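After the structure tokens below, expect a handful of questions from me.
Chain naming follows the written order as A, B and C, and within any one chain the residues start at number 1.
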Amino acid sequence: MNDIKVKVKDLSLRYGTNLALKKISMDIPEKMVTAFIGPSGCGKSTFLRTLNRMNDLIDNVAIEGEVFIDNINIYDKNIDVVNLRKKVGMIFQKSNPFAKSVYDNIAFGPRINGISHKSNLDEIVERSLKQAAIWDEVKDRLFHSALSLSGGQQQRICIARSLAVNPEILLMDEPASALDPISTAKIEELIHELKKEYTIIIVTHNMQQAARTSDLTALFYLGDLIEMNKTEIIFSNPAKKQTEDYISGRFG
Amino acid sequence: MVTFNKKKFRFSDWLAEKVIKAVAFLSIAVVILIFIFVFREAFPIFKMDKKEAASTETLVQESYGGLGTDNSTVKSADNQVDNSNRKQTNDEKPSSSLLSKTWMPVSDNPRYGLWPLFLGTLKVTLIALLFATPISILAAIYTSMFAKPGIREIIKPVIELLAGFPSVVIGFFALMVMATVLQNIFGYASRLNAFVGGIAMGLAAIPIIYTLTEDALTAIPKTFIEASLGLGASLRQTAFYVVLPAAVPGIFAAVVLGLGRIFGETMIALMATGNAAMISMNPFDSVRTLSATIGAEMAEVVFGDIHYNVLFLIGSLLFIFTFALNALAEFYFKNLVVRKYQSKK
Amino acid sequence: MNRNVKDIIVESITGICVLVIIFIIVSILTITIVGGWPNLNWAFLSEFPKDGMTKGGIFPAIVGTAVMTIIMAVAAVPFGVITAIYLAEYANEKSVIAKTIRFAVKTLAVVPSIIFGLFGLGFFIGFVGKNMDSLFSGGELRWGQPNILWASLTMALLTLPVVIVSVEEAIRTIPRDMREASLALGATKWQTIRKVVLPGSVSGILTGTILAVSRGAGEVAPILFTGAVYFSSHLPHSLSDQFMSLGYHIYIMSTQSSNVDATQPIQFATTLVLLFLTFSLNAVAVILRYRIRKRTK
């Protein structure tokens, strides 16, 4: 097993009075794919969003507990959330490219970091698009609107856009749920490539996808972490009865 | 390498937030400043009163008795000692004059009786509301309930265009065209009067009442309408017995805001009401409204004169009234709407 | 009565109400066009009034209105946009401050325009202007009297809510996804507003500006005693000059002119110009707003 990249200790989250996450603890290893599965409403996406403090944007959310990334507690009051998010990129369920050209989408992150030199930007854009395995498809259309691309291409543009900021961790919130099977396969292939360099955490409602792409799998149910283990163990020999019931399709 | 273990100070973000928050307070500041500066210029009337009252307490009683019927007390020159900064020699006590029945600010013996102005405003406002409210509400019912979607898309923007007509244009139309047409129909004596002015101001209020009523009607959940139609009620019955009652608070708010618009309307009043400050209940007599009085006379008064202060006092009254109307529409009626559909939003 | 007959009668009555309103709108437009068109020519638009305002054109009134609305927009739009950004991006809806600001904006929207005129007179002229005079020109009267600057600023306060409402509406149609995408890339809140929110609100800002200009061009009450004049032999060449305005010109010509009948063609033609101006501006705004609303669907 690789080194621990993310360590979560007793993390609880409340929406108003509703307890959405109950004392979650887990270790997530570096440069591997960790999948969160569970029925909808189980808290897996909410949990994912606590790892780059995206829940900060929502009113009425209270968080207790600790999340260490590279041994630094990201809920410490001295944390710079903006820089945290540069290190922890996020891909959303619905692809959300800006209404700008492909080039400007990818260059958005570098630009806000003060990179303005044309040749530097060109280089980053090309590298990111290549990493996201979409360079060949868009290299002649760099200055067309990103919204003119297909759904699957848009999602890979979003991945490339995240990569352009040089993150270390990529959070993916059901990145293929809105896509067709071919686009989904491309995204999964990409995840496989990216884990060589990045720590990837993916939320999915699709158990086959978790089985195909991940090294570790965690099952959430009603705000609890039921079980977390190597993916092949979860899917072949789970320790908990609930896990067995879920993966065999008896609930959720 | 990006590090996040220490909060970074970002000057532009810090500055942007401070500036944005400060500027957002501007609206509040302006409202407060309007309060202060409009009231400040009206205030001297009461101050003069108190000074006078203090120095002439005993004399006042006598002079009232002596003057009998005329309740706008004219003061003798002896009592003017501590008001020597004022120019007129026959200054009267402004507040008692305010309640008199004559508005005659530019004469040797100026009177600032607000009654004719109140009455005139009331008359015009009533006529305008009686004209604008039913027609706007019925038109809104047609638009939201009976019109086919394609036609609705045309009616709404066309009626809303009326909101874009400057009031001076409506006033001009009333003065040049409506006054003559209505006089020919009703055959009254004075061409410009409360009736013409009221109808013209109603025109200005129609788009407000119409739009807000239409919004209130379309905000009624579709399920209400479907349930009613499903029970065999006709569209007309659904509109009048289901949708309209449910939208009452919203419609009230619409009428209240329309009322505010009419009440404060200046240009139409100046151009179409005839501007004669008289006490009469006849809708076909000329009237002078509160706002028109300010508009017509402010340009000609002397800075700091009683007349100037009285005009600001009228402005203060207008301001308080529209402020209260807005607060009523905002807090009372909106709460009613919210409570009614709490589960919806 | 038969229910169907009742239905038809009631529906007809409501339909007639719609027709009456539309008829009035069309009448105003038609009569203004018919009355004003014959007198509308280049000379009318480009000349000064002549012969005691009974002949000649309305050039200074057009210029005055244009300059006044430009100054007004320059003052109102930035403040309006920033307030809208506050309300849409920074304010916590439940906080007392946000509620108070919202209520203040609504109050400004319903305060009678004549009150703004009084405020302009009491505040800009009687307070700010007077103090400027005693500070800068040793009491010599320059700013403490009506002028185009004070009239424009007064009008800017009146149109502030128009801008705020339009811009906030546009900002709110920008999907939450876009903000999250930007923030997840490590953009700060201000960078997100500058690079994502504002570019997406351009049409809303434009709509707000156009509506404000249209409103400002047509309002007369606020400038009655803050800067508009009956006649001026020259165009305003300084902020402390008074100015002629289209709306004020219509008012004066139709009510105080020495010969109301003789100047009737001028009145109609001026009204036509003003109506054309506000009408076309409004039409553009309606189309823009329609396109913004479509985006949310």
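For the reader, a short list of remarks on this structure follows.
By our rule, a residue touches a chain if its C-beta (ideal position, glycine included) is under 8 Å from a C-beta of that chain, and two chains touch if they have at least 3 such contacts.
As the structure is a prediction and not an experimental result, all values here were calculated from the model.
Chain centres computed from CA atoms place A at the largest separation from chain B.
Among the chains present, the centre nearest to the common Cα mean is that of C.
Here B-C and A-C were compared by C-beta pairs in contact; the pair with more is B-C.
Once the centre of each chain is set as its mean CA position, chain A and chain B turn out to be 57 Å apart. Chain geometry summary: the mean Cα position of chain B and that of chain C are 19 Å apart. Per-chain Cα centroids separate chain A from chain C by 48 Å. Residues of chain C in contact with two or more other chains: 186, 188, 191. Among the residues of chain B, those touching two or more other chains are numbered 2, 10. Residue numbers of chain A whose C-beta contacts span two or more other chains: 82-83, 86.
By the touch criterion given at the top, residues 2, 10, 12-13, 16-17, 19-21, 23-28, 30-31, 33-34, 37-38, 40-41, 134-136, 138-139, 141-143, 145-147, 155, 157-162, 164-173, 175-177, 203, 206, 210, 234-236, 240, 257, 260-261, 263-267, 270-271, 291, 294-295, 298-299, 303, 311-312, 315, 318-319, 322-323, 325-327, 330 of chain B touch chain C in their complex.
Listed in rising order, the residues of chain B touching chain A in the complex are 2-8, 10.
Against chain B, in their complex, chain A makes its touches with residues 72, 74, 76, 78-84, 86-87, 166.
Considering their complex, residues 52, 54, 57, 59, 82-83, 85-86, 89-90, 92, 94, 96-99, 108-109, 111-113, 158, 161-162, 165 of chain A touch chain C. Interface of chain C with chain A (complex): residues 92-94, 175, 177-188, 191, 195-196, 200.
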